[in-house]
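Per-chain numbering from 1; labels A, B and C assigned in written order.
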């Protein structure tokens, strides 16, 4: 979709002023809760710059909460979040987004009442700037022709897979510094998942560090170089993706005999 | 159980395409779409009386949609669901509940202004028929001794008698799930539908819940349909497992059988081979 | 055809006024997610200030316009956003509605208090001279009012469509209303966008207010309120979505009005009854026929699960001993009240308390439908009126005893309520509120006024109708009647509340899904609670008219329906105590204010006070008064049990601390516990709270 010398890649370089030393994203001793329901307990990990990190774990382990805390949608109750070395803990979500964070939430993450084009324009105005909107739209339609065919259609009338492509197109065209992709493959047909994953590889090649939240373990590990496994709101494993499969099997097998809290 | 089947069910329905009696619950060719996307596609299975069946599959596989079709919160686009000899199609939720379908919810649905005991009392009252207004006005609506005894029995059975007078808003998620379970059991359901009872629970709470479900099923012969992600819990509780993916049944058999199935390992566990 | 055009053209200015307000409503809803009941009040505020600045302070028109429309109006919107609506989660429809209604009731009542109550006439026009006839179309003179309304409507519509459809800000507004969180992920400061949306829509309201002022000879808040509800109809046909459709329906309604007036015989009952309620018929039709109005709340925020659950309210549990003490106090207070009423309370205060008893009964109907049923009904004064007018008409025409008529009236009110329930079975929240307000305005404009006019405006309740010598001046008969009726109502509501029906309704408020899942028939319960509410309201209405010895449309108009909700929400919609406190508080505050200078007297300041209370609904859905009571009860309880805790733990440094505060607060404790707010007791202390 976009070569290494594309304007998008240049934009990332301009953003990545802090260099390659600092990890793209650092999560340090973070806890979080939804009202009385505590969801995360002292979670720490880092996403190295330019890497792809898979965030794995069973349902309810806290994967989506990590994604929301990182993007500022849910406030952490303790700990620090750093983006490229800059502390962004407690900042509103739009500030974190402007600092180079993109979060594709799970489920329906588009505006159902806005048209496809309006959905894209909303994102590109902030990410690419007003002047680059037409050009970005053009590239989005090139990458996802199905969106081009439906540019005047309300987002809510798209199929689940097309909605997912739309939310991906919003971030793929103008690569951010860090992309948090939450359960992108959820409920999608295998072919569409393949397209989505190719898109993720593409954006990573353009310099974006990825945090990929997934239930499909082997697919995610195939993509990622690093992996974090969450279990009951805490980190059960953090390390190279190559070792994660064994750890994941261990977590699955050990479910009945987990250590008591 | 049989007693209730006889006493509650209307005359056997004679609608088209009703499968032969025998199974307690029969789901035949159920399809449900939302805005052109099929959430459940042509799903068929049966549950025998006293059997415990697990329904597993990745998020978005259509399990909760199927549950809602069985309970009547959603109208399927196609297919037939029967309970005993009764065709449920077209019946509203409350009538299905009175016919003997009890359920718990993935996102806890409790009555926030009530204590635990009040939850059970209202369910005990509602299983029969409407409250009669004249009884209210004659101050004859207080719980009867029989109702209180039955509620006390269920509280004891589920193990929440110690929390009976606490408002549910003061309880944790784990206790709320037990309250939901007790509330469903009070109505003496023919079949219990449990939707991800362990989600959001910690290890101890999950084990407590699994223990209760096991006891219900093994000691009381309760028919259970369980949607669950915690595979250990599924393995502990169920006799038979049905695996769904993308709205369709992809495998069924004993827990060990389906977990050995490569399709299931791929679709659900995301592990190939 | 010439006839038709001749009839149609005079309707256009009215249609334009509907259109401009309808467009403003759609804008606010589209940009902020709030269906702004306060829109008419905001328009009135700007018009009021503008006219006052020009006429009383002699400011030039352009300066007055800048102050009232360019500065004041957006400022008001920003204040609403910052201090009220921003704190309400987008999914809490009831809180948004109640807050809007509180502003609707409070603002027009507040303005005369702040600026003096003199009515204002002949607001200056800023565009065209209303008295100049510029040209003629089909022999109809086109004066400045026509031109102003048409030009302004066109300009406003075009400007807003451009803003919402073609600007980045409009795009962000439409996104933010769908999900405040999702726009943040696109780097948009949603707080700022929503604040701008409030400023723009409030500017619109101010503009509409000032531009429309010359059309009305006299500047009255009622005109703006009625205009607003007519605009609801146009907005509803547009599913609160399309501004051009809203404008079109608005204009058509204005035209249809004058055309029907032209063709229908002038003196027929049809033209008298149907024409004034045309907008409400259009509104009801929209609610029944436009499918989108049933699914207003279906497209929820996709990110709603991010919001934490609402905070728990202050605990409503007390120690059993304290509960017993409070119950005894209530009985003592009741006995004291009855004895006092029969002995030393002066005549004028006795009649004040009497009407308080009647209002308490009417407010009990709100406890039933809103507190227990969880449905916001804006037609409770209307249901009371149905009871009262039925009893009066039956007495008037067939000589039926008024009290027997009250029973028939209450049953008829129940029938009306059931029809309302059936018509709104699939409506929730905003849809139901609009349906009930349409019904209220229909009865207000067509039924009650017709009956009132056919009898010379007000029906005097005659002594022979009532019998029992109640209207004879022998002192306490009215009190005894009102007290017995209220006690019967309280007893009935108490029994229903603690009976099976009450428990089913509590379950339904907690979770409709789970309530149906255990076998509760939601539809039947909903119809039942509407019917009960109608009965109680109808009874309260007849008692009120017996006391006031007349049946008068103004006693039951739709503004009162709204004010009643505001009052009960302040004192506590969830409890029977709340209704009694509301009834007594309403009349006592009103009476006390008559001792102030005339400017503060009347019901105006009363409504302002209760409206302020209702503005806290989002934070204290149990009622701000109820909240304070629970807080004080808890403190009092801690005070009582301090002895025990200090014997348990004599070394506790907190013990001494508590003792010190206890010394200060002890005198306050009992006063707040025994219900000094209402000056009346009920025997329900142990049940309702």
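Going forward, contacts are C-beta pairs under 8 Å (C-beta built on N, C-alpha and C of every residue); 3 or more make two chains touch, one makes a residue touch a chain.
Bear in mind the structure is a predicted one, so any value in this text is a computation, not a measurement.
Remark: the per-chain Cα centre closest to the mean position of all protein Cα atoms belongs to C.
Set against one another, A-C and A-B show the most C-beta pairs in contact at A-C. Computed from the mean C-alpha positions, the centre of chain B lies at a distance of 42 Å from the centre of chain C. One finds 46 Å separating the Cα centroids of chain A and chain C. Put simply, the C-alpha centre of chain A and that of chain B have 35 angstrom between them. Residues of chain C in contact with two or more other chains: none. Among the residues of chain A, those in touch with two or more other chains are 36-37, 156.
Partner chain B is touched in their complex by these residues of chain C: 312, 317, 492, 495-496, 498-504, 506-507, 509-511, 513-522, 524-525, 528, 532. Against chain B, the residues of chain A that register as touching in their complex are 36-37, 58-60, 156-157, 159-160, 183, 186-187, 189, 214-220, 232, 245, 248-249, 252, 255-256, 258, 260-261.
Contacts from chain B toward chain A in the complex involve residues 35-37, 58-61, 172-173, 196, 198-200, 202-204, 229-232, 235-236, 246, 266, 269-272.
Taken together, the chain C residues at the contact with chain A in this complex read 168, 171-172, 174-175, 178-179, 181-191, 299, 302-303, 306, 308-309, 311.
On the chain A side of its complex with chain C, the touching residues are 33-37, 68, 71-74, 92-94, 97-98, 102-103, 105, 107-114, 118, 121-123, 125-127, 130, 156, 170.
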